[in-house]
Each structure stands twice: as C-alpha cells, then as structure tokens.
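In the part that follows, the structures are each spelled out as structure tokens.
Next come two complexes built around chain A: one with chain B, the other with chain C.
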Partner chain A sequence: MSSTNKKWFSLNLNSKHKQGSSSCGCGKTSGGCNSHKEPNTELSEEEFFDAAVDASIGEERHKDGFDQVFDVKMSRRSAFKKLTASLLIGAGAVNTSCSFLAGDESKEKAQIDWEEQFKGNYKLMNNDEKKATVDRLVRSYQLRTGKTISMSSTNAEDDVLFGYAFNISKCQGYMDCVNACVEENNQDRNSQMQYIRIHEMEDGKGFNFNEADDNYYHEVPAEGHFYMGTQCFHCDNPPCVDVCPVQATWREDDGLVVIDYDWCVGCRYCMAACPYDGRRFNWSKPEVPESEINKNQHYLGNRLRKKGVMEKCTFCVQRSRAGKNPACVEACPTGARIFGNLLDPNSTIRWVLENKKVFRLKEDLGTEPKFWYFMD
Partner chain B sequence: MRRLKVFKRLVIDSLDVITHGSKKYHLWMALLTLIMLIGMYCYSIQIEQGLSVTGMTDRVSWGLYISNFTFLVGVAAAAVMLVMPTYVLKDIDFKQAVLIGEGLAVAALIMCLAFVVADMGGPSVLWHMIPGIGVFNFPNSMLTWDVIVLNGYLFLNITIPFYILFRHYQGKKSKKSVYVPGAILSVFWAVAIHLVTAFLYQGLQARPFWNNALLGPRFLASAFAAGPALIIIVLAIIRTYTAFKIEDKTLKKIAMVVTVAAQINLIMLISELFKEFYAPTHHSESAYYLFFGLEGKTALLPWIWTAISMNVLATIILTFHKLRNNFKVLFFACFLLFVAIWIEKGFGLIVPGFIPGPYGKIAEYTPTGIEIGVTIGIWAMGAFVFTILARTAIKIETGELRYKKDK
Partner chain C sequence: MNKCIIYKISIILCVVLCFSSCKHHDEEYHSVTDKIKAESKDYHGTSISSEAYIDHINTIEVTENDITFLIPERKGEIKSYSCTECHSKPLTQMQNEDLKKAHWDIKLSHADKMTMNCVTCHNGNDMDFLQSLTGDQIDFNASHLLCSQCHQKQFNDWTGGAHGKRIESWAPPRASMTCVNCHNPHTPGFESKWPERYNTQKINERK
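Coming up: the complex of A and B.
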C-alpha cells in the first residue's frame, strides 16, 4: 500500500498479513496513520485491485523466488559437499583406523561438527532442516558437557508483530532489566556484554544523549536525573539487514530482526549501519559459567554463541514466541517497559500507542523502529 | 598443447628469475619474508584469541585493517591512469610504465583482499560469501558489489599484462584487437571499484561523517593522486636498479596526472571543511573530533594535521613546473602526497565515522601491536608479490627472458 512509495513516514504495520482487514497496526482507530488510505482518485478500480493483490501476496511471490534460488543453492551446496567428500572419506578413514582409540561418541561429535560447518543459512531452511540443525546442536552440547538443553526452532506466528514501548517517566535506572537480559540471553560474562544501555540524563536539558552517562555506578535514582533505555529497536526497515553480505541477519515475519550466528562471517558491516548502537560483537570467545547457562534456548535467540560473530537483542525470541514477555519487561520493577503484539487491538502496547504521545528516536533516518517512548 | 608447453616453460623460467639475483635482491626478499612471518605469527594469535587482540571495540568496530583496505583500493584503481593513454590514445610513452602499474594494481588488490580477510571475525566460514555455494546478498549489500568489482578488476589486471608478456616471451607482438577492449573495460572498472568502495561507507545513514555525496568523488581524486605518486616512486627505483628504461618524459607525464588530481583533491577538501565548520550541525561532530578533538579526546589530531600540511605542501610543490621538473623534488613531493593520503583516506576517514557513537559516546581507538604487526605483514606481502611480478615482467620486456624451443 502506501508504504511502498512513502516508506519514510508511515510504518505500515499491517503490510505483512492483514491486508484488507479493518484494524490498523498503527494504533489509530481509522485513517489517522496513512496506512488506511482508500484508493484515491488517481487509481482506477483495476489498478487498485492489482496493487492490492501485489501488496498482499507480494511477499509470497518474493518467497517463491527465494525458494527457487534456495533449491538451486542447496543442490549446489550438496555438490560442494560432494566435492569435499574425498576429504571426508579421508578423515573418516583416519578416524576408523584409529577407532579403537576413538569411541563412537567422538565419531559422532566429528560428524556433527562436519555437518554444522557446512550447513546452510537458517533463513533459507525448511522446517525439517531447522529441526535437524537444532537437534544436532542439542546433541552436540550433550556430548560435550553431558547436560541437556532444550532448543526451539519455533517460527513466527501469523498475525503477530512485536512492538515495545518505554515509559520514560517510570524508569528509575535500576538496571534490573540489564541484568535479567544478560542472564536470560547467555551473554559473555568476561567482556560484560549488555544489549540494553540505560542513559542517565540531567533534568532540564532534554534528551541530550551527548551529555548522558550510559555507564554509571552510583545509587539510583540520582537527584535531578531521568533515565532512558536503548537496545535494538527491531526496525521495520532495518539498515543492518540490507548491508549484510551473506544474509546472516534478517527481519522475521513477526518483526523480530534476528541473526543466524552460524552463518555470520563477522564483517561487522551491520554494526556500522545500525544508527541505534543495537549490535554487539563477540571479540573473543564468549564464556558463561556452566551453572549460569539458561538452558531454555532458541536457535535465533539465546543459544550459546562463538567468537567472531554478531549478536543483539532479539526481544527474547525464546520467550516472546512462547507467549511470554521478554526478560527485561518481566524484570522491570517500575513497569516502565511494555511489550506486545501490535496487531492485537486489545494489547497493552496498542493502548499505549493509541492513548499516549509516543515518539521514536532518529525518525528522520527512515528506519521505522518498533520501539516507542512515552511519558505519563 | 603448444601453448601449454610454452606456459610451463614460462613458469619455470620465471621461477628461475625470481630465485636468482644480486645480493641486494636476496636481502630485500629475505627481509620481506621475515616481516611476513612476523605478520603471520601475529595473525595466528588473532585467530586463536579472536579480534579482541586488536584495538577495535563495539564502539569503534573498524580500524586499521579496513582503513588500509580503503586506501589500497585507491592505489589499485590508479593503474588505470596509465593504461588509458597507452593502450587507447596510442601514447607510447607510457607503455613501459603500464606493466609496472598493472603489477602494482595486482599487488594492491591482493593486499586489499588480505586486509578484508584479516578483519573478518570468522574466516573459516568465508565460503558463505562465495556466490552459488553460499548466500550472496546481491544487490542489496554494497559489500557484495565490492567483492565482485574487486575480483573482476584483479582478473583484468592479471590477464591483460599476462597476455602481453606471454606474447613477448615468445618473441611475438601482442595483438591490439585482443588487449585494447580489455584495457578500455578496465578503465571503467577502475572507476567502479573506487566508487563502489566509497558507496560502502556513503550509504550508511547511521554515520553522518560518511553519509555525504562528496565521499565518492573525493575517493577518486585522492586515489588518482596517491596511486600514480606511488608509481612514480616505484619507477624511479626500478630505473636506478634495473636495465629497464623509463624515459624522463614518462615520469613527467605521470607527474602531471598526480598534480591535477592533487589539486582537485585539495579543492574538495576545502569544500568539505567549509560545510562542516561554517554552519556546524550535530552531524559535524565527527569532523570536529578529527580536526580539533572532542572533550579532550584528541588521538587523531597530530595525524590529520600532519596529513593536511603534507598534502598542501606537496600540492604546492607539484603546481610549480620548475619544482616539479626537478626529479629530486618531485620524488619528495610524491612521497609526501602518498603518506598524506594514506593517513587521510585511511584511518582519518574510517575511525572518525564511529566517533562519536550513535548516542554521542566518545570512545577512542588505538591499534594494538598485533594489529600493526598483521598490517605491516600484509604490506610486506604486497611488496613481495609486486617484486616478483615486476622482476619477471622487466626480464621479459628487456628481452632477457625468451622462450627457447629445445633447451
């Protein structure tokens, strides 16, 4: 709809699934957000019909194209595998000749490692392949540590578009969200990686990020200050996704911008492209003490990462796709954080968008963040 | 079949040429090998421990590697300034210089690719980027464009000189109809590698320091100054140490190219400075950081001011015919210009793009010893590759190396 030619100013929240339905994702009841535009006079009935069809199944058409490419790709990839099969056989031969030393388990481990090294991009996998890689990762973890994790590969649900709102008046800078996030998402403890940054700002100076302190160590709330949190905003038109040379990061149908940690080559181009400081890189091998590992994982979410790959907030995909709130929302003692489905007219987030004066950061860049700020 | 035999002979002969030489030559190659080994050792540490051994952080996520990559793309593109007049305009002056220039382009491109690989967090999964086997995000990602144009340019710059040398090796003349189309193509290609590399940065709305329309053209101007400047220096060295004849006229013509490019570059610099400082906005902060420092953080100040003074001085020297025609002064000016642009188009361009960060955070970047080790190692590799290429080419061109049927 209007989003194709005017994507700068209108976030067309409905564009993915709900064409033609009466509710609008923008939060306004009707007509207030440009995404409801009736066919205007310049379009004849026929043209409009075409445009509407295009808008509603455009995505699917696109996908078909992908599938075609995907098929070719897979066959080529398997050709590549065959090419290197001699290597595999060689390795296998060595392996079997030493088999009285190497147990079945280490053979299986080697097999898993091999398949993991040459698997495809998660974005292009079908459900069986997704399940296979998840199973491999779970098994691999079991072989290595003797512990069992659960890892899901749940896909985006229909009629869901996640959004987030942040109440600046409520936030007191306690940073409980930051700690909960680190624990939930198995972030590297050595480098103290954090997805969320809380900016402490001075009263009377407005939203002056330049003078804000995002690394404070004193008692909060500090006199004469207010607080504002930032993280990945899951932009609807994410610049980080366009620049990735290998499509290791993409926007899922429920609006989450995710990364396939195994496909990322670590070029950090996406980091340079993100205007919101939303991405974090594993400069060295991330380490989480075994006892602190969150074993309830999602492939695209909090599973353990390796060194040299990008990661970021996923709105806790392992939780949100299971119908729960992200860890930061749950941990916030003040209720400053609100999360929900933008397409559900009864959700709290929709209430906030409809009744509060909301704004987003750097709207001029056309990134359409799905993260709104508001005040009481 | 015969071609294959000739090719085999050529490889054997050039191996011979490469491994034999004066004491000075051996010393030079040994030195380069040593530096390369040190670089490789540093790289192995980086592989082992991750990119945390470099000075890069989440705040400044590109550093010395990408800076050098950017600069070297410019050097590679410059070979074309010599290709065009020689092959197309029938200006025979340049013919000798061209092979050297293209050798330089090949070496620069190999260094570029090495720098990109050194910068990757996961070099073991780089196959994800190979079209067909992996997923190539074309045409969305400018990086994929860059991969295509750089490799294409590398291919052109290997095949054209190879064809010419291969013919000369057999004592035959090279056919114009074969190499001229290639040469013309490579002219456009050189502009493309440069623009595409500039677009890599220019297209990021997140970084106002890069997101300006002048970035691409300025890349071109500075490249066409720094590249030929390097070629002049290299030709001067070759002229003194080998039998390869390069006329004064050739050097003077290249100097002319350098001069014009340097002047244009300076004009663009002035335009840029005017825009940033006449009516400074929030978006001028990176420029402020670069030229004056922000909040007491001034790491780049000495560098950029050195670069600018060298740049201005060199441009002034080059502008006066009297000075330019004195070879000693010319070489000095070329050296100044080369270093100045290396600073300016290297970390003077990349690092300030990240400072201040998206929310105004100012975190400085200083490269670590390991990073510098890898960088110098890659430069040594470039010099090594170039020496080999140039040596073989010169031997063939001077007629010392010829195909003999039955040896």
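Coming up: the complex of A and C.
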C-alpha cells in the first residue's frame, strides 16, 4: 500500500502529487479517463489544464444527461467520499445560519427548518412527535409573520367513523357551502381552488356528469334543473391511498382520508386514481390574505399548504374531531348536508342510511365511499 | 386411507377459501355497511360532546316518533311575546277599533286561500297559543306539532334527522333546528337567488 492511499478524503487541488491508480478522481480503476500520467513527470500549465478537463468531464462529452448521472462507475468508497463532501457543504450552510453573528430568531428559524426538513411521516409519529412538529409549525409561523395560530394534532377518536349524506331534493345550488369551505380551509385564492363542486343537472337526464354544469352563474334554482354536490367521499377502500408511492396519504381510524402535506412529493398519482375528482393540486404557491386566514388549524387539515402538494376535503378535520359539523354542513341553508358518526346507532346519519333510499356514486368500483346521496 | 386425507385437505381448503375471499385487504368486512353494522354493536359512546357548542342557545327537549332531541326555545325569540300584551281583546273587536296598525310586514304565502288563512293556525280569542285544525291549543315552543298536521313526511324526516339541520355539532346530545328556524311560517318557501360564488379561474382553464 502506497503512502498516498489514505483512508480519509482530502481535497487534492492543483497538487502535483498523483494519486494511486485505485483511487482516481473520476472513480475509474482503469486508465480510461486519461488522468493517469507517469509519476514524477512535470506538466506544463496548458497540459495540466487539458488533463484536468479530461479528468473531470472526460466521457461526459459524448454521454447524454441520463448517462452522466446514472452510468457512473463508482466504488463504494468514492461514493461515500462524495456523500461526505456534500454533507459537509450542507453542514457549512447550517453553521452559517447558526453562527454567533446571526440573531437568536434566525438561529431558531434555521433550527426549526432543519428539524422540519428531516422529520418523519406524520402517519408514523407518536403523539409527542406530532405535538413537536405542530409546535414547530406554530412557532415558525409566529417567527415569520408575528401572528399566532393554533394548530391541533388531535387523533381519531375510538368508536367514531365519519359519514356524510347529501339530499339531492334539497340542494338549490346556492353554493354557500363552497364559500364556507374556501374560507374555512385556507384554499388558494389566486387559483380559486375549490374542494366542492356543485353540478347543475337537467331534469330527466339523471346523473349526467358530461352535460352537467359545475360553474353556473345565474339565478338558482334554475327551472328544470336539479343540483348535487361532489367532494372527497372519504372512501373506506380509497384507491388514492393505494397508489401513493410515498404513503403521504392514508385513511385514519375515524374514516378520514388525509394527506401529510410535508410528506407529499406532488406526483399526482392520487389525483389520477380518484374516480370522483376529489383531489386538488397546488400548481402555484397558495396565497391567502393574512386577514382571511383561518387560524384554527389542524396538521392534517386546513394548515397553510405549499406549492406542489395535493390537498382535498378532510371533512374539516379541525372541526369534526372537535365535535363540530364541517363548514359546508354548517353553511348549507337548505339542510341538504348531513354529517355524523356512522358507529352511533342513534345518530342522524344512521337514521338517514336506515330510513331513506340511499346510494353512492360508482358503487361498483368497490371504493366504498362514506358519502351517500338520497332524495326526500 | 389416502382418499380420506385428500378429502380432509380439500374440505379445509374450501373452508379457508370461503372465509378469506370476502375480506377487504387485511380487514374483516366485505363492505363499509358490514363494517358499520359490526363495529357499532358494541358502541359505548365517545368523549366528543356537542354541549360546548349549544351552550349559548336556550333549548327545550322534545320526544317525537320515540326520538328525543333538543330544539331551540321559541317564545323568547319572538319579539313581542306574549301576544296578549297587545291582543287583550278578541281580534274582531281590535280590527274595528282605530288602533295602531301592527304586523303590516306579514305576507301570507302558505298554501292557497282556499286551504289556509290566519285562523288555521292562530286563535283570534287566545293569541298566546297556536291552534290545531281541531281547535286544540298548541304552544309556540311546540310549533312543529302544528306543521306536522299537514307536512307529515317532512316531520318524520325531521325527527330522524333527514330534514332540517343540526345545530353546530354532529355529536350527541342532538340539537336540531325546528321548522320555524329555517322556514318563515307565513312564507315558508325558499327564495331563488344568485349563487354565492362564480369561479372565473375555471372559465380560463377550460378555454
């Protein structure tokens, strides 16, 4: 073993000391990268420059981007060296933000960002970890805006399974529910994202979504039309959950299908998998005027989202887990929306299921939505 | 001997298949309705209660169709109850006298004149109570009994919870709006209006 074959990594910039053939900078063990000259040969400045360019990009001149990234022969050791180097750079950045020159607040901000960056999936967190991340998010918001929000991490309650019923005979298409939903859930005002769609359908044509209008603007109810709303149905067998490659969405024990916005990678598989158009994607950074922000938030619910993540109706988890009706139910002036605990035999939702003729959309898909429609 | 073993194995296989085929993933129910049925058998109630949300309203308990729930108290909400504070004399006398006019804003649009008029629900000689079709007294707090004389279907749906609205909370104890909280008894129909919202962005996206 030569003396140059060190066990640690040292940057060998512009040094004439050549490394042994087994640890060439390009990661090749053969002489293919042209960086291997006879030892003890003095190089002119020009020769050295050419050799250095060859050594660094060599093969990449005739490789496309994919091959450049993936078709690299690299030993385990050099891979670790590179990883270490990039980690050192990252640590340097953190060190800068944590240096004594920076204020306490920016240090705290950086600390929070760091911990948030490397936190786990909410689904796998225990109660302390959930509380910790919620506290961090509240503190972070306070540091950034000076405003205090309250965020909950309330878990699903035993003996609760949320269900929803929608009375098609009653809905008049007023869209009070849509308004209430947008305000409650801090949805992006620029893209006018809406979880709820109210479909105006022609009498006598049944549920014809192809011809239905979900963005009407005229006096309602219109002659010869009926109205029905769709949103996330919180399927008991949700296809959106099955397709998520990172398990950023799941069904909670009380039946709510939720998303960890910080774990979502924005691939939109779930959007494609949902047969009901229940999911929405943030193409741009969601913006809500400060005065309109609903400060009563839940980690899995209406907390402020970021660009590039999925979101959807959560049956207002921040309200429903506290015992309140979702905002749409509360806002509906016609009583077309009924919400409750499916496991409580005395609940109103159970009465509807047992006494009215209920049906669900696309029941044959086996998605088992917990959202029933009925008529008077 | 060999046949016997084969039979036994096939029977066991059949049993296993029968029990496993109806399972949804790793759960033991075929459908959500089965799940609801099974899991609600030993329902013990939850810690979530509506009490904090209905605290601020005055409620009274009613039991209709064997279902007991709360409705908002009504008399306290009527501005000039009790009615006899003004209606000290029978209505016919008051109409003849040169008294200050009242109730000019009431527009009656409830069924047609052939079917209903003021005295279908009000008793001119006893204005503090409503009256049933047969002339029995009905308290203002139990006005749903008056409505239910004709609107039986809506009434039954309301007692179960399919018609009308819960107040703020889905949790027990149940508090529901009563008929007159949503419907003006004199003009009970809902007016048509413009939608609360129009999504201009959606128009652009679909161009």
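Just so it is clear, the second predicted complex is superposed on the first by the 275 of 376 C-alpha atoms of A that agree within 3 Å, B and C clash if a C-alpha of one lies under 4 Å from a C-alpha of the other, contacts with A are read in each partner's own complex, and residues count from 1 in each chain.
To be clear about the criterion, a contact is a pair of C-beta atoms (placed from the backbone, for glycine too) under 8 Å apart; a residue touches a chain by one contact, two chains touch by 3 or more.
Because the structure is a prediction, the values reported are computed rather than measured.
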Practice problem: Quick one: classify A:P221 as touching chain B (first), chain C (second), both or neither. | Solution: second
Exercise. Check the residue A:V309 against both partner chains and state whether it touches chain B (first), chain C (second), both, or neither.
Key: first
Self-check item: Contacts of A:C267 with chain B and chain C, given as first, second, both or neither
Solution: first
Practice problem: Quick one: classify A:S320 as touching chain B (first), chain C (second), both or neither. | Solution: second
Quiz item: First (chain B), second (chain C), both or neither: which does A:H199 touch?
Solution: first
Exercise. Could you say whether A:E157 touches chain B, chain C, both of them, or neither, answering first, second, both or neither?
Key: second
Practice problem: Pick one for A:S347: touches chain B only (first), chain C only (second), both, or neither. | Solution: second
Self-check item: Contacts on chain A seen with chain B and repeated with chain C across the two complexes
Solution: 191, 214
Self-check item: In the complex with chain C, residue positions of chain A that touch it
Solution: 157-161, 163, 165, 167, 170, 172-176, 178-179, 182, 190-192, 194, 214-221, 236-237, 320-325, 329-330, 332-335, 338-353, 355-356, 368, 370, 374, 376
Quiz prompt | Footprint of chain A on chain B - complex, ascending | solution = 49-52, 56-58, 61-62, 116, 119-122, 124-129, 132-137, 140-144, 147, 200-201, 203-207, 353-354, 356-361
Quiz item: Which of the residues in chain A come into contact with chain B in the complex?
Solution: 73, 76-77, 80, 117, 120-121, 123-124, 191, 197, 199, 209-212, 214, 230, 239, 242-248, 262-269, 271-277, 279-285, 307-310, 365-367
Self-check item: Complex contacts: residues of chain C adjacent to chain A
Solution: 24-25, 31-33, 35-36, 39-40, 43-50, 52-53, 67, 153-154, 157, 160-166, 168-172, 174, 176-177, 182, 190, 192-203
